[in-house]
Each structure stands twice: as C-alpha cells, then as structure tokens.
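In the two assemblies presented below, subunit A is common to both, partnered first by subunit B and then by subunit C.
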Partner chain A sequence: MISYGFKQRIASVVVYIFLAVMAFLSIFPFLWMVIGATNTTSDIVKGKMTFGEAVVANATTFFTQVNAPLIFWNSAKITIIATVLTLLISSLAGYGFEIFSSRFREKLYTLMLLSLMIPFAALMIPLFMLMGKFGLINTHIAVVLPTVASAFIIFYFRQSTKAFPHELRDAARVDGLKEWQIFFLIYMPVMRSTYAAAFIIVFMTAWNSYLWPLIVLQSNETKTITLVISSLGSAYYPDYGVVMIGTVLATIPTLFVFFAMQRQFVEGMLGSVK
Partner chain B sequence: MSDVTLRDVRKSFGAVEIIKGVDLDIKSGEFVVFVGPSGCGKSTLLRMIAGLETITAGDLAIGGDRMNEVDPSQRGIAMVFQSYALYPHMTVRENMGFALRFAGLPKAEIRKQVDEAARILELEPLMDRKPKALSGGQRQRVAIGRAIVRHPKVFLFDEPLSNLDAELRVHMRIEIAKLHRDLGATIIYVTHDQVEAMTLADKIVVLRSGVVEQVGAPLELYDNPANLFVAGFIGSPKMNFLKGVVEGGSAGRADIRLPDFGGAVVPVALKGELPAAGSPVTLGIRPSQFTETGDAALPVTVDMLEHLGSETLIYARSTASDLVTIASQSRSNIAMGDTMIARFPSSGALLFSADGKRIY
Partner chain C sequence: MSAISTRPKRPRFDVNGWLFVGPALALIAIFMVFPILHSLWMSFQSGLGMRLSFAGLKNIYRLFNDPLFLMALTNTFIFFLVQVPVMLTLALITAALLNNPDIKFRGVLRTAIFLPCVTSLVAYTVLFKSMFVANGLVNTVLINLGIVNVGIPWMTDPFWCRVMIIIAITWRWTGYNMIFYLAAMQNIDRSVYEAARIDGVPTWARFVSLTVPMLKPVILFTTVTSTIGTLQLFDEVSTITGGGSAGGAAGPGNSALTLSLYIYNLTFKFAPNLGYAATVSYVIVLLVAILSFLQFYAARERKA
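Up next is the complex of A and B:
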C-alpha cells in the first residue's frame, strides 16, 4: 500500500516539474534575447544557443545606426508623462467612483467598464482623425492623451479604494481638510502600494506601447525605442544581433522599475491598507 | 459655553427616515451617552452633530450657535472613532499635531500642545512611532490625544472601546472617566454597551429606531424605565418580563395573575387608574430583586447555573417554559433540574401595559 507521505512527495515532484517547465517557457525569450545580443545574425538564424563574441560589434552598429539618446529620451518622456497623468487621473476617478454617491454612479461605471470591450483597432481611425483635427499628429501629446484615462486602472483603483477606511476621511474632515487635500495628503500616501502596483503596470504599458505610436509618430525625431527596434528588424537584410542588443537595452528600464518596486507591487496586488 | 441643543432633528436617506425628530439639551460639561441596539441611529446622530452627515430637518446648536451648515472643523468638536482612524503614514506626534498644523498654528505652539496632551495620556515614549507599531490601547490613547490638542468645546466618541479586549476596555473606560473629570469638557459618547453607558454617563439617551425612548441619569433609567424597551435595555443581566393579567385590585394597587407561573397572584402598587380586569400586562422584575424573603412567589425549574464568584445566575423556567433569570448572592446547593420557589418583594416589581408603556 502506498503511504500518504509517498503520495505527497510524488505530488510535489509533479508540481515542481510543471513549475520548472513553465518557468523555462517564461524565461526562454529573455535568454534567447540576451544570447542573441552576443551573436552575429548568421549564428542567430542557425539557432546557436550559446553566448558569442559579437556583443561589441552589435552595440557599435546599433549606436551608429540609431540616435540612441534621442529615442530613449522620447520613450522616457512619453512613458513618464503618461504614467504620472494616468495614475493621477485614473486614481482620482477610481476614488470618486467609490467615495461619492450619485444616482448615475453605477450606470456611468458600467459604461466605463464596457469601454474595455471595444478593441483598440476599432478606435484607431477615429482617434487618428481626432488627433489630426487638433493638429497633434507626430507629437508626443498624441501618444499620451488617449492613455491617461485608463478604464482598467480606474477599475483597479476603485476596487482598492474599497479597502480605504472611510473613518480616515471623516477624521481628516474633522481636522479641517478639504476634499482635494484628503485625496493628496491622506489617500495617496495611505494607498502607496496600490499606486506602486499601478505604476508598474502603466509604466510597462507605456514603455512597450507600439501600435498607437506607430500610427501617430511619423518622423524619426519623434519615434520611440519600440518603433526603432521594429524598423531595424523589418529591414531588407535585418541584423538580428543589432535588434537583440536594442531589445536588451529597451528592457533594462522596465526591469529596473519592476525590481525596484517589487515589494510594493506585491503589496498593492494583495491590498494596500493593513 | 459648550451646550449642545438639538431641536426636532431629522435625517433621511432618500425616502427612509433614520432619525425621527430628536429633541435634546446637553449642558456644558455633561457626559452624555447615546445608547441603543445596532441600527437605532445613535452613530448617525453623533455624525450629524459632528457635521459628517447633513441634517435633513431641525436645528443643531453648539454653544448657542446654529451649526447645521457649518464645516466639521469649524464646529468646535473633536471626534474619536471606533477604528481610531489614525493616519497610518504619520507618527504619533504628526497625527496629534495634524489638525493644529492645518489650523495654521506656529510650530512651537503645536509642539507645546502636543507635548501637553502626550503627558496627560502618558504617550511620551511613543511619539516617534507609527500607528502600526502601537497596541490597540495605545492607538486609542493617541486618538484621544489627537482630540485633546484641539481644545474642542465638545468631544464626540463613536464606540471608542469596541475594538479593545475586555480588560483593556475597563481600563480605558476609567481613563475616559478621569479625562472627563480633569478636562471638564462636554462629552457625547456612543456605545451599544449599556455597562459603559451606566458607568460613564451623567445622562443616558436611549434610542430605538431613530426615536429617543428616554433621557435620564443612569440610576433613574435603571430604577424608573419609561417603557419595556428601556427596562430591557438598561441593566445586566436583563430584566425579567412576566406575562400577566389584571385580576382586580383597589386604589393604588393592582393584583396581577401570572398564568404561566401556576396562576400566582402578585399585588403591585399602582400610580394611575386600575386597568380593566382581564387586561394583559407585563410584570418586570430585575434578576437582583429575587430574595429569599420576598412576598411574591414563583414556582420554577432550574435550567442552567452560572457561578460568577460574587453571585450565581440561575436560569429557570416556569411551567409554560417562560425563562426567568435570578441573581443569587448566596452559594446555595441548587442544581440543574431542581424545582424551587423564586421569591421577590412585590413592591419592587414594575408594571407595563400591553403597548409597553410603564403603568407603574
């Protein structure tokens, strides 16, 4: 007869094998990217999976072909502005939806959630025409504007605000704070883990954003890192080593942000207020 | 002056009226406790006084000034919340000085007032800690300190001890009583715990479904409840209510027959008119009123015993299964299942009419 302990051990082994396979599948693209950055195009095409010696050559070609400081600055500028504005506007909306009652609140909220179901492809052309009318095509404002009121982030903030103690708001009112002061001086610091988690999500989305910037950013001076890497990869004879080194460089800021805010991210996902 | 006056104060949420016309006079320096079961509107009434809920109709005055539309911070009140409501990102010192900082007081003055409150509440060693590093009792003291530094006309406490364990609750109750004695401030205190109400209050306001059932000093409410609700709510263990029928009587006396107790007849002193014979009434007897020498006798069977040390609570049943609680000071040899005669002086019994009003 098989003992209970033995069954447990078998179950653990199966679980760990499954997790190891999943972990490998997750990490493989990163590994391939890093290895690719050290190899020549022909090695990459042949499927070489060991580190090579072409990293310096790839980097030199990348920095020769691309105005790296400009495209990184463009990406950084768009990402920072989009992240700050999205967090501010969406958290204000989420807070408002949860804290203030109105006859139309739930209807408006449902309508907003329904907007999540509209695919971006259906919005592209109207948005493009709108930006054209405002004369914003080929500007970074055109990239940022459509993202700042994110239905998902509003939803996320509203859900998190349910855990925000209403008595804190009452105490602040008794202490003499106005509504906007309660939001900035009490709500924001108390919900910092929620902000951290939302920051990571919004930052990564903005940094990796591709389709909409591809449509509205048309000159080389305004393009972002994702657009430039994509154009490197779609050349007639693409240099995959150069593409890979560009991808590695583009990944560094998001990795840095994630690892710097990992603890707050987990706390934010679990709930801010303890 | 920190009198608080409420005149026909009402509160509605849509079509539902929560507070149904409250009239109340709270004198300067008085410790008033709002007490009542969950959902009776006591916290809503307190929040209306604080300005955290709007007043649908009626007038609220603090220190003689109408306050209906005044901002909470301008009413001269300070509030202590059930969950303490300390700002988690601030230290104890910052929490206590926050309102003063907002009122534009100079830093030196804030420091002086915060230090003074910390001294009164023995919070000095905790001033640089954040709330999460404090125990429940310490957090509550900080919340009280935050209220003290504002030097309010009226302190409002919303079930401040509910989150504390039994021992700490007793300790904090004494602290709050001392604080009232030392500061001499007007305090309005909400609780559902009638022991807290009895021990702290100068005046108790008993609420039910948004209506004030009775206002009075603790012992006045205990000895002379206006109706069945107040009689049942004030006092622990709860008053016994025995169903009875008016058998007869004379001027100043009604003979009440208790059908569920073998038809025992209890003569009860009567203030008003003698109700018609056969009228249903309720006889109220406190568990502590049962004695070995009382003139009224109820045959009962012991159901359960609780030995509390200083007294024994006997839960007994009548022949019709009506439950009677008897608080016995003696450690008798009564056991569960025994039959006994529960005696009480008929002069101590209270009489209520069928609609719950006290008729003696």
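Up next is the complex of A and C:
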C-alpha cells in the first residue's frame, strides 16, 4: 500500500522533471546556436556539442560574404521607422476610438478588428502591385507602410485607454489645452508602460519580419538580416558555421530587448486577453 | 450642468475623433481594404504576369485539378490538425503546472519556456535544420538513447519532414500560448480549487472539470490565432526546404508545400499567374473564416 505522502512526492518529482525537460528543450537551441558559431560546418552536422575553435573563421567568412554593417543598418532602419510610426499612428487611433464618439465608431472598429483575420497571403500580390504603382519596390518605406496601422496595436491601445483617468483630460480641457496637446503632453507620458509593451511587440515583429520584405526587397543592398540568414540557411548544403554567426547576431537585439523589458513584454502579450 | 453630464456621450460628428483615427483608417483602407478587394477581383481573372483577362470561374475549376494545390491544401491541414492540438495541450499542461505557487524556480522556468518567442522564425528554422541533418545531433542522440537503430530520414522522407516541421513550430509557439493560459489562470479564484481539493477531487479531475472550462475564452482565443497562424505557414517551410527562396520542390515530394508557399511560388516563380494565385489566397481566407466560425460555434455550444 502506497501512502498518500509518498504518492504526493512522486507526483511532484514528475512535475519537476516535466518542467525541467520543457525548460531544457526551450533553451537548448540557443545553446546549440552559440556552440555552433564556434564550430566548423562538418562538426555541426555531426552533432558536436562542445565549443570549437572555428569562431574566427566563421565570422571572417560571414563578414566577407555579407556586407554586415549595411545589412544590420537596413534591419535597424526598418525596425526604428516601423516602431516609431506604428506607435504614433496606432496609439492615436486607439485613443481616438476610445475618447471621441461618432456615428460609425463601433462599426468601423469592428470592421477593423475583422481585418485581423485576413491572412497576409491574400494581400501580398495586390500590395506588391500597389507598391509597383507607387514606384516603391525595393525601398524600405514599402516594407514599413503596410504595417504602420496595426489593428492589433490599435486594439491594444484602445483597451489600455479605458484605464486613462478622464479627470486628467477634463482638467486639461478646462486649462485650455487643445486635444492634440492633451494627447502628446498628458496621455503619452501617463501611458508610458502601455507604450513600452507595444514597443516590444512592434520591435520584435519588425526586426523578425520575413515574407513581405522578401517580396519587396530585391537587391542585395536593401536586404535585411532575416533575409540574409534565410538565403544562407536555405541552401541544400548550407555553411552552418557561418549561418550560426548570423543567427547569433540577429538574435542579440531581440534577446536584449526581451531581458531589458521582460515585465512589460509579458504584460504586452497579455494586453489582448485583459 | 453640461460639464457634469459629459460622461454618457451622445454620438455626434466629432472632428477631433476623425483627426485621431483618420491616419490609421486611411492606411488600413489603402493597404488592407483595397488589396483584399483587388485580390477578389483578380481571382476571377487569368493570364500570364500583368496581362490578365476575365476568366469567370475558370480558376476555381483549376483548383480541383491542380495536384500541387491539393498537396498544399493537404499539407496545411496536416500541420493544422496535428500541430495546433499538440501545442495547445502542451501549453495548457505546462501553464497548469507552473501556476502552482509552491513550484520552485517558477520565474526562471517560465522565462526559459517563453524564450523561443524572441527568435525570428527564419533563425530558429535554420537552427532546427542544422540539428535534424542526416547524421546530426538529433539522430545521434536518438541512436545513443537506443530509441532508433538507424537515423531518421528527416530531410528526405515526406512523413518525417512534416514531423520535423511540427516539432519546430511547437518549439517556437508553446511558450507564447502558455503565457496566455497563465494569465487567465491567475484570474481564477483559488478558493474554488481549495473547495474541490478538500472534497477529494483528484488533481487531474480538477484540471479537466475546473480549469479547462474556466479558461474557455482564452483557449478559444489561442485556438483561433493558432489556426490563422498555421494556415498562413510560410517562413518555416520556406527556410527548411528552400522551396520559397531558392526554388524547386518544397521538401521531399513537396511534403512541406503549404498554401502560402504555393501562392508565393505561383506569384514570383515559374510563369507567374497572379489571378490563379489570388484564387488560392481566397481559399485561405475562406478556411480561416470557416474554421474560426466553427471554433466560436463549438465554444458557444458547450456553454449551454
């Protein structure tokens, strides 16, 4: 007869083993990436799990094959422009939807939320043709423009604006501030944690985006780090040591943002269920 | 008087409101509404490149006789039907275990399991590709553990290629979905659990009959978003197989050809047929709509 306490202990051991395995499997590819960057490709495809001495050789090959400063600048430029514009335009809209009333407000808002369900595959061909008409193919602004009015971020800002104290706004109106002054001088500073969470989501999405840049950016001078990793890594026999250098470099910014703003990150992901 | 009664606002035309939402609405109209309508119009046209002419329902007939489309549809459904339930179950179980305040290192474990979310889809796919090569890490470990005698042909066998892709996607998104469940679980009243525990309801029964029903809205949310995500699968299959950017077949026997990848190939590879590509893209729109509706419907039924 097994006692209750013994059964409990077995159960808790099983729980810890399960969670430890999950955590290990989640972290392992990061470890593999860093170790891989120090090994030759022939060692990587043999599954070598110890640090090697090829890091300098890999990095040298990477930096001769890829114009790394330009590629990173492209990624950074796209990410910065996308983040600033998306935060501005989508927060204006989220605030506007919540604060001001008009006849079609809720209908427009529902329609906008429905657009979240439209798969990008259904948009990419007409979008590509549209960008061709505008003469924007192979430009970074074409990568950014369709992402700026993000229904998800607008939704997130509208939800968060419900917590913005309307007394503040009323007091500002009494003081004679114009509506745009209230937004930029009062709303933005008060809602900075909302902006922080939205920042992380937009930053990650822009930095990691792939399909749309793949379509729009056609010359090597405009490509982003994600596109470069993909073209290095999708060869039939990729030079993995070199690709690993690229993935490490491409992951550092997002890891940095994640650890610097972890609390807001989790809150940001949860913005939609609150 | 009027200053006090401003709260229940009467709908009226407010210039300020339009100024605030205007830029976003204009951008959505140009880059979302116009393209989706344009795409609908294109789906009834046919021809090479930009020279399209009206074709009526020809594209729809073509769908049913196109082995590549049927392959892409089948693959997309396999990924959706296998991957989404596996991932969400795993996420739900992990969240339930991590929700126990007595667990040590909760924060560390949660961060670790969530970490895959920060990687780009392309970067993690390359990592998985390098781990699953013929004599690579995964096969070495499996052979050494005695699970298999000969290495699994991940990259050359259609079945195992799909398994590899499902493992990769599950790795990337389980932690993401877990966070939603954890947040929702934090809102559940602890006393309900306590009462059930005192009544002698076993742990697994509490999970099935208490936790899962109370999480229904969040489970619905994650199911719908995961469905949309899986039906649009592109980055991973494109990078693993080189089928998107390098051309050629998408994986062994096109086993990794998804609808999005097929649309991309129809548009930018071979002889581009934009009209037919638009028709295939509307298949995704239709599937998303139908599946989301079914999921909402199923969730509503159980509530009654």
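The rule is simple: the second predicted complex is superposed on the first by the 241 of 274 C-alpha atoms of A that agree within 3 Å, B and C clash if a C-alpha of one lies under 4 Å from a C-alpha of the other, contacts with A are read in each partner's own complex, and residues count from 1 in each chain.
Here is the rule we go by: a contact is a pair of C-beta atoms (placed from the backbone, for glycine too) under 8 Å apart; a residue touches a chain by one contact, two chains touch by 3 or more.
What you see is a predicted model; the values in this text were computed from it and never measured.
Q: Contacts for A:186 in the overlay, against subunit B (first) and subunit C (second): which applies, first, second, both or neither?
A: first
Q: Which partner chains sit in contact with A:171 here, subunit B, subunit C, both or neither? Use first/second/both/neither.
A: first
Q: Comparing subunit B against subunit C, which has contacts with more of the residues in subunit A?
A: Comparing touch counts on subunit A for subunit B and subunit C gives C.
Q: Taking the two structures together, which residues of subunit A meet both subunit B and subunit C?
A: Touching subunit B and subunit C on subunit A: residues 170, 273-274.
Q: What part of subunit A is in contact with subunit B in the complex they form?
A: It is residues 165, 167-168, 170-177, 186, 189-190, 192, 273-274 of subunit A that touch subunit B.
Q: What residues of subunit A sit close enough to touch subunit C in their complex?
A: 11, 15-16, 18-20, 22-23, 25-27, 29-30, 32-33, 36, 44-47, 49, 89-90, 92-93, 95-97, 99-103, 105, 108, 112, 115, 117-130, 145-146, 148-149, 151, 154, 166, 170, 179-180, 183, 204, 207-208, 210-211, 214-215, 226, 229-236, 238, 240, 243-244, 246-247, 250-251, 254-255, 257-258, 262, 266, 269-270, 272-274
Q: Along subunit B, where are the residues that touch subunit A in the complex?
A: The contact residues of subunit B facing subunit A are 47, 50-52, 71-73, 77-79, 81-83, 85-89, 98-99, 102-103, 132, 146.
Q: Please output the residues of subunit C touching subunit A within their complex, sorted ascending.
A: 6-7, 9-14, 16-21, 23-28, 30-36, 38-39, 42, 50, 93-94, 97-98, 100, 103, 108-109, 111-116, 118-131, 133-141, 171, 174-176, 179-180, 183-184, 203, 217-218, 221, 228, 231-232, 234-235, 238-242, 244-246, 259-260, 263-264, 267-268, 274, 277-278, 281-282, 284-285, 288-289, 292
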